[in-house]
């Protein structure tokens, strides 16, 4: 190159300083050469796109998504539930020991709202229910011994017997007698259960931030008394973790009477959104309720289960079978905590800066395609360099030089270290 | 600079327009200057690497990983399970109330396949089992009173008594008598349980997309009837959520007879993969089954648990202790939903475009190291600029100008705001 | 442009070769032009920032965060728990069937440490507890019939009766009699429970890597015997999955005597950190223990639950109500597995390389703001190009050419395809 040769003259470096040059070159700073296009249309597009990208990063990434924070989801969570309330079922009083299952109070708790009770079931033989396929019979030959019908209640003995006190007959089966379908007593629903309360204690722990939070507000003075009386209400009692079943059903947009009839599974969602850059007292949970089991157009919707109480009399075991319809509460805890951290801040700032570079790609494309009708821009932007061939004419070279233009390809003297241009990197 | 001074002459701007210039400069578009190298080898490498990167993004990131979608994993899930079937155990009929625990039908349900029953246990004193360390004795002095052996069944009374109806003696202990090890009756396995069915109702909810799906196909007409009869089968009945235990064991590659013997924990995995850009009916679950507890080369493999039924007679409590071997089904729900969203699409497109830039780094390295033998490329790519010193000779400057080259460092008139070059940015 | 026109002369390409040119242009390699600034201050800053970025990537991203690995969190996990030990409660021996609930041995298991037992409760009427608001009365008129006080134990009958064997009176209620508050017997705590053991079997499965691991070391020879004797201890028995309750309480920094009094929920955390590039035997779990329920300054802290055993005598049901205080162990499994994978390695390498580019932004800013006092750098970095206007004077153009400078805006001959410069890209 012309000016590099001149450079040599000025600097007069000996060829032996090559290694030193290389080392010095290490401390050179390289920066891309930039073409400034004074085109207002393009400038407006460029700044517009830049503005959009920067706005997106500042508003969405940094302010809305809080990308400057290190975050943690899925905290360790501990849920403890306890129900309270009594209801009268005829002469029988039901307390929580009877209607809450399981008793241990974990994150899934179910309360019985309606029961179909079959008393005094004993192992023995009795008539199969008449709705079971091929259960109806007129003589013993209609019933195959040892046959088990999948929808039936037990194994057939091969006899055809009168259906309890009815005139028709069904096949006899070996089972817990009398069968539930015949003998179950449908108790009325526990409508008082609408006032039952469930106490939900939830403690979470974010291991990364070593933050421990609970959904009960510590309050020494009126603590226990307050918790004995309050019922949760978003506006009046946001820190009371005691929920009326009626409130839960209402928030889940379910009719309590309908839940009493079919049962249902309701999710109790506890959402923790903690910005740990703020005061820890800001880190409080919100509650939401939603029915979890599908019910529309679906057969066998709702929630029910069977259990039995076993007794013994004179060495013979008997049981009370209970088909229970109720509400199952699934307590589901979501959590998210964030705290300022230098590494995500740097990473996202770098990403933002890099993304601003994408504007150039868009604008270059616009410039070269739509605006650059006369190839002026592309001419200046692109510096074409054709592959070196030995046949390059010196004419080309000279013309270039004379006309103040860098030559396309410069002829050189015999290349070699002795004539190397030390000023060149 | 020379041409800038010329610029001044042409434009004739007064120095007071500095601020205006700066404002106008804001709308300038800056784009990197690019050198085009017409070297076929390099071009092929460049396009090849570009092709690889673009292929990776289009095929892997966009098509395979669906990076254009906003996604949500871990849906809220509700599982409800219910078992059905009856089995004959000698004269005793077992229905689901007896063999299913817990009865509430959550996501973990266990069914008893084999029982070791100890009847009529009462609080009292009896002989320790002979396998317990130091339980064998010949006289009272061999037994330390109040000692509790960790592997034993209770606290020693200090007496040495005959081992039930045997001739040898063991230490007497206070415990539930008779001890299980001696008195338990091994019942045969419930091989009929292979035909027991478990009904698994699963509803999921993606809160971000507000999508609610269930694993039961809504079907008004033949709904309940279908569900009463069908058994799940991947090919024939993919929408029937009723699984035979035998089918589950088979899919988990376990022998049912082996499971009856030792018990086991089997995971029922429900996988939801929902592409919400498609029709919602495409969003259906797949089921898979796998044994969860390790068993190879392991002592105490399998699954068993103990529970008791408590009775009372004449004010005295007695119990039937049951050691139950069975299958525990852990229903584990995985979910993933995706829907087209503009923000991840933009972000991933930008990332793709940025990554294409990495090709330049590779090719630059190839170019400058392997191809650029004559320094032609590096000469044109790099524009060396030496630090300004006051000793720069005007000779250098003049030569540069004459030879059509930008000078290394331009001498200037007295610098100052009044003589600022408005044409310069 | 001047040299482009010259170019045409030299190359003499016919206009018909346009498409061919375009195709050839496809194989051109484009690389940014770079200005090398030989300024040591800037070079040191540049290399310094580069060094920081590269160090961050190599040390933090690659070595510490193992970004070269494909990773999987949240393995499928199966937990099986079993407790062992006996304790003497007065004359009554308690074994695990009595103090462990639920019996099925899932990931949540609770053990009873202290009981408040109310024997022989029957459905009937008896006096309300005197602490219940408005329960104290002197005559029947003080008690409203059918009233249910939320904090009370049942529905009022409207009568005012003597409080058990006391001289004062309270309202009569219909409930399980006698009421717990009056009749419960406080049993002493099971201090022997400090030596109870819980056996925790945990198997995890990483589906992506198809890796299955358990927390029991397979050992054919001394397997079962070892598991019968060992107790977990981080140093001596790290592979023994049997934990003393006392050890758990100690690790959770809780006093066992305090836990006996109030009960508590303790999390048993099993952490799997598996680097699958190493030998699989390196993939072993670590255990940690932490109390999950909050207790400081909180009312109703601790863990307790109520359950009942139901009996029947002469057709009448009665029950033993038990309020149990105990430890609930929540087994929580965390897992993380990583294995070398080519895609994350490439992605993170590319990200690292791209991020190095950010150094230029910082150094450009420093260069143009602090160092570039004489606009030399900006002059060479930026190549200003003013928008083309028809009024551009040829004087400007000529001067530019004469002075070896690219013109700001070049006048051109009549533009059109016939005169297009095929050599230009």
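Residue numbering begins at 1 within each chain, and the chains themselves are lettered A, B and C in the order written.
In this text, a contact is a pair of C-beta atoms (placed from the backbone, for glycine too) under 8 Å apart; a residue touches a chain by one contact, two chains touch by 3 or more.
On a predicted model such as this, the values are computed, not experimentally measured, just so you know.
A.B. asks: Report same or different for the chain A and chain B interface, where same means the shared residue numbers exceed half of all residue numbers found there.
C.D. replies: Under half shared, hence different.
A.B. asks: Rounding to the nearest 5 degrees, give the angle of the rotation that lays the CA atoms of chain B over those of chain C.
C.D. replies: It works out to 120 degrees.
A.B. asks: Please work out the Cα centroid separation of chain A and chain B, and write it as a whole number of Å.
C.D. replies: Inter-chain centre distance comes to 12 Å.
A.B. asks: Can you list every residue of chain C that touches 2 or more other chains, as numbers and ranges?
C.D. replies: Counting only residues that touch two or more other chains, chain C contributes 28, 30, 32-40, 102, 311-312, 354, 380, 382-384, 403-405, 425.
A.B. asks: Quick check on the complex: what are the chain A residues that touch chain B?
C.D. replies: Chain A reaches chain B through residues 1-4, 6-7, 10, 28, 30, 32-40, 42-47, 60, 101-102, 108, 110, 123, 148, 150-155, 174-176, 265, 267, 269, 290, 292-294, 296-300, 303, 305-308, 310-312, 317, 319, 321, 328, 330, 332, 354-355, 357-358, 360-361, 363-364, 367, 380-388, 401-406, 409-410, 412, 415, 421, 423-425.
A.B. asks: Please name which positions on chain A make contact with chain C in the complex.
C.D. replies: Residues 24, 26-40, 76, 78, 80, 82, 84-86, 88, 91-93, 95-98, 102-106, 192, 195, 197, 199, 201, 203, 205, 212, 214, 216, 218-220, 223-224, 227-228, 309, 311-313, 343, 350, 353-354, 373-380, 382-384, 393, 395-396, 399-400, 403-405, 408, 425 of chain A touch chain C in their complex.
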